[in-house]
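Structure, as structure tokens:
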Amino acid sequence: MKSIFKSNTKNEKNLGFGKFASEGNRMRLINRDGSFNVERKGLNFLSSLSIYHFLLDMSWTKFFSFAALGYIFMNIFFASIYVLLGNNAILGHGSLNFWEQFSDAFFFSVQTSSTIGFGHLTPGNFLSDLVVSVESFVGILGVAIITGLLFARFSKPNAKIIFSENAIIAPYKEGKAFMFRIVNARKNQLFELDGEVNLILQKTINGKTERTFHKLDLEISHLTFFPLSWTIVHPIDSNSPLDDFSETDFINSDPEFYIFLKGVDDTFNQYVYTRSSYKMSEIVYGAKFESIIDMHKTGEKMSVDISKINSFEKITFP
Amino acid sequence: MKSIFKSNTKNEKNLGFGKFASEGNRMRLINRDGSFNVERKGLNFLSSLSIYHFLLDMSWTKFFSFAALGYIFMNIFFASIYVLLGNNAILGHGSLNFWEQFSDAFFFSVQTSSTIGFGHLTPGNFLSDLVVSVESFVGILGVAIITGLLFARFSKPNAKIIFSENAIIAPYKEGKAFMFRIVNARKNQLFELDGEVNLILQKTINGKTERTFHKLDLEISHLTFFPLSWTIVHPIDSNSPLDDFSETDFINSDPEFYIFLKGVDDTFNQYVYTRSSYKMSEIVYGAKFESIIDMHKTGEKMSVDISKINSFEKITFP
Amino acid sequence: MKSIFKSNTKNEKNLGFGKFASEGNRMRLINRDGSFNVERKGLNFLSSLSIYHFLLDMSWTKFFSFAALGYIFMNIFFASIYVLLGNNAILGHGSLNFWEQFSDAFFFSVQTSSTIGFGHLTPGNFLSDLVVSVESFVGILGVAIITGLLFARFSKPNAKIIFSENAIIAPYKEGKAFMFRIVNARKNQLFELDGEVNLILQKTINGKTERTFHKLDLEISHLTFFPLSWTIVHPIDSNSPLDDFSETDFINSDPEFYIFLKGVDDTFNQYVYTRSSYKMSEIVYGAKFESIIDMHKTGEKMSVDISKINSFEKITFP
Amino acid sequence: MKSIFKSNTKNEKNLGFGKFASEGNRMRLINRDGSFNVERKGLNFLSSLSIYHFLLDMSWTKFFSFAALGYIFMNIFFASIYVLLGNNAILGHGSLNFWEQFSDAFFFSVQTSSTIGFGHLTPGNFLSDLVVSVESFVGILGVAIITGLLFARFSKPNAKIIFSENAIIAPYKEGKAFMFRIVNARKNQLFELDGEVNLILQKTINGKTERTFHKLDLEISHLTFFPLSWTIVHPIDSNSPLDDFSETDFINSDPEFYIFLKGVDDTFNQYVYTRSSYKMSEIVYGAKFESIIDMHKTGEKMSVDISKINSFEKITFP
């Protein structure tokens, strides 16, 4: 058997993890969802706080809750000012106790910031007129900000590629191959897909553990269209750093596969990028994917059953 | 005659239709409008439901109808709440019967959600004031969403390339060529156009039908400018998988041509993509396109008559 | 002297003007502002009417006039309906004659569509309440459309490259060169500029005029930065189709130079494209550009005087 | 020692500084923040005034101040008109003196332009009704413009790469290398980073100073991911224009390094560009960067301490 580990210094450094990753530790570098497993500290809070990215990346539920909370607090803030300006600040209902006064001020503020202005409550003196002027401006800016954010969230191009839960080591031609499967979870169509798979292996020599990086050859690395599913295949042949690996070799070398996909989104005509990773615990040694395409359908359309994306049958290598 | 079918395994797989398409069936893979002829099932309803893509891709008529329906239902919803809050919830008209009460509540809701707030109808108690606060927020969000969607629909770059109804097999130099013609239906200008034509052929050997995929050589595959029309030409020479095909060969092999175009849109300075396809029923064997450019015009401008995009005269090959 | 005309069939066709342009006529193909000198007819009016491109490409003055006209007509339309609904449709001022009634209806419509809703004019019956509901929806959509269009106009990336009024034939090394000069008229910075110059020549043989197309070699065709000006130079050497041209040869061959520039805009990080052209009447045979860069400035900044973009001195070739 | 200066005419011109920069002066060409050190004059004020770029590139504080000032001035403008239209133009409060009249007019204008329209102040005659119609239109346009600008500012993709304060000349393999370090200051992830470093050297021969331009070879010029920091290294070997430079050679040649980075932003899936520069005063001859990655962390995440981006220890070359 030839040397199991073929270090490729160039690829390793180009991946961007540098010396850290090549040190002997078994930390995951890229999470399943494609984010980096990195903690960043020492950055001034304000300069790292990219509110915009924060508001763009949160879930829709959180986003609307944030917006609602902001609306409530803004109205409480202005209501407090109207209350502080005294009983004559708002003309309309004869307010009796503090809570009635405050709730009137709050509803007056709502009618002002949202620009409804029914007019049964009106500003009563110069100062409250002034506050109304400020609040109307804040209201306009607020609507502008919400609108801008909503659209930015809408127009953020994002692919939703579903990866098979497991990658498998499957029979392939006369040998074996590393395979996983992806499918497009969105109605929009993707094309000009490019895939790249990188591998990190652990290697222990004289008690010292090192990591080696490898860019893997793929059977196919580019698709013009992506209408169905794509089984991405790295043939384990003599050019592969995994050549002649037994199941034990796999487990000992703790392989991590990093996947990097890009393609053009039909709706926005823009490139979208997706990353993911497989660690050994997510890889099945000895398996075959079951087809997710209905071959015997007699209808007019090709048919793909996305729920079967992870269906495989276990097999034993001879 | 040399072998009609030249399989090109590499291209075939790279097209993205995989094993399915190479099986023996005569299903269309890409529709005339460029969408894939694929049915997708097994995907959780919610996760496949990309409301945004849905709202972006529907027609303008549908979009405005959706918006109007949403506006009506929102106001019916809030009107119902005001009615439930009793007769004092809204001050103003003395409402007599249920329908008068409901229509008053509906119009009050309209005046609130649209932030008009005439003030002849006003919230009458704490609870209706509260509902008004909620409705004002919903109204603001609604306007923000409509605005965001409208802009997203506006800014979606889309080319509108008109393809000739028919592709033709025409005389070309000493032989024949597969040709079709495109023209830009929009006022915006396209440039840096790239065209790609792929071909799928059926082949029956010993009663088993197989498909073969081929990327076709084009006489010209790139245009710097696209001011007029473009006749895309695949010369049927010795490098072509269609070399020496008779009309019967064409019909038997049930060819499908997949066209993939990209170019830069003048208005948004962005790449736009268009796809289409021709099946045998849309191909005329033996024809010549008539010029759509007015050659004898003496004016100051070149002139192209787009209505003649599909004009051809039938001819017979010797 | 070797043959003046070197036809380059490949480039010619790739330019996109096809057979038309190669016919013998002296029509300009690309206007100075980069638009194509093409008339398009035969297209169904509605399908060619790309309102959006129309609204995006018009001047700001026109755009705001269109918006104002739209606003006025919408309010006249709804005012007419209120008038038709009779005197009770709007409560408030006691309207006496028709014009007073109409102007009240108009101002009521303004207060409704803009969602001001002062409340001194209010809808007076069920039908006018209904019309108010429709108008509030139309008003919201209108604001959304105006906002969307404004932003689309804002975000349309556009370079404003100033071309020198004249191109010149200037001395260059031991021979001559075709030169023109460009400068960035915007404060935003451009980088990664690529330039391409194409040439069309007329050639008369046996009384038949033909056009030949040529892609010209440039001394420099790519700039990393574009802080100052760029003199784009095509050396007229033995590789040039203009080799050994006398001034008379230039005039007889009626050359047209088509310029195509692209670069990355600093503000939007997006590619922007610019085109222009020079006909013989805009080319000065025998001239040298004067420097627009202040070489003897002693300050801390480089200095470029954009008003001198077209400054040249006439010279005579030996 | 071989010749210190290796002029590379091609790169020099392609950088875009042309003859100016190659003249003997020691002006900085690119500022630390990546902007060009260029003054542009002779451009018609209006045509250079790209209000949009101006409003996009200013700080948020300035932007909101501008918006607030615009809001105030617009309302003062319309208030003045209402005052000019006389005491009956606005019905509501009995206004006594001029300032009361003006402040009423101002607040009425606010309630109109913001579309609040409480209704305790209402237009009193035909002319003020007309002005209200105009102001409502201006108000709508104003909101649309603010919304459009806010979103454009939001969606402007911008990387915030922190460069180490100093570049260093550090030991590297058997020789030396020019190094600097960058880190991503934003939460968004960057990938597919490309780096380019250009160098300008001063050279004095016979009392005449010239500049030479050089594109430097980098140890690594492309990173797939950018999770941590990146130390960009130009090895000073026999291919480097800095080969065999002593500290004195460095000082005498007054080197300027221009850095050009591009990468794909995770949030917008768009290319972002960053530039910077190092002059000799910012370069430390003889130093080693200290690691900013916590190697001995035992947790589950890699850890990078961004505050140490400029940490280095001085060393002496043998």
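Order of writing sets the labels: A, B, C and D. Residues in every chain begin at 1.
To be clear about the criterion, a contact is a pair of C-beta atoms (placed from the backbone, for glycine too) under 8 Å apart; a residue touches a chain by one contact, two chains touch by 3 or more.
In this text the structure is predicted, and so the values were computed from the model without any measurement.
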Checklist entry - So if I superpose subunit A on subunit D by CA, what angle comes out, to the nearest 5°? => result 90
Checklist entry - Between B-D, A-C or A-D, which shows the same interface as A-B, counting it as a repeat when over half of the contact pairs match? => result A-D
Next on the checklist: Counting residue numbers used by both copies over all numbers at the interface, does the subunit C-subunit D contact come out same (over half shared) or different (under half)?
Outcome noted: different
Next on the checklist: Measuring between Cα centroids, what's the chain most distant from subunit A?
Outcome noted: C
Checklist entry - Taking each chain's centre as its mean C-alpha position, how far apart are subunit B and subunit C in Å? => result 27
Checklist entry - Which integer distance in Å separates the CA centroid of subunit B from that of subunit D? => result 39
Checklist entry - Tell me, which residues of subunit C touch at least two other chains? => result 111, 115-119, 143, 147, 151, 155, 270
Item to check | Residue numbers on subunit B that touch subunit A, as the complex places them | outcome: 13-21, 23, 27-30, 35-43, 47-48, 50, 52-54, 56-57, 91, 111-112, 115-119, 121-123, 126, 129, 132-133, 136-137, 139-141, 143-145, 147-149, 151-152, 155-158, 196, 198, 260, 270-273
Checklist entry - Considering the complex alone, what residue numbers of subunit A touch subunit C? => result 115-119, 147
Item to check | subunit C-facing residues of subunit B, complex | outcome: 64, 67-68, 71, 75, 103, 106-107, 110-111, 114-120, 143, 146-147, 150-151, 154-155, 160, 185-189, 191, 193, 219-220, 222-231, 264, 266-270, 291-293, 295, 299-308
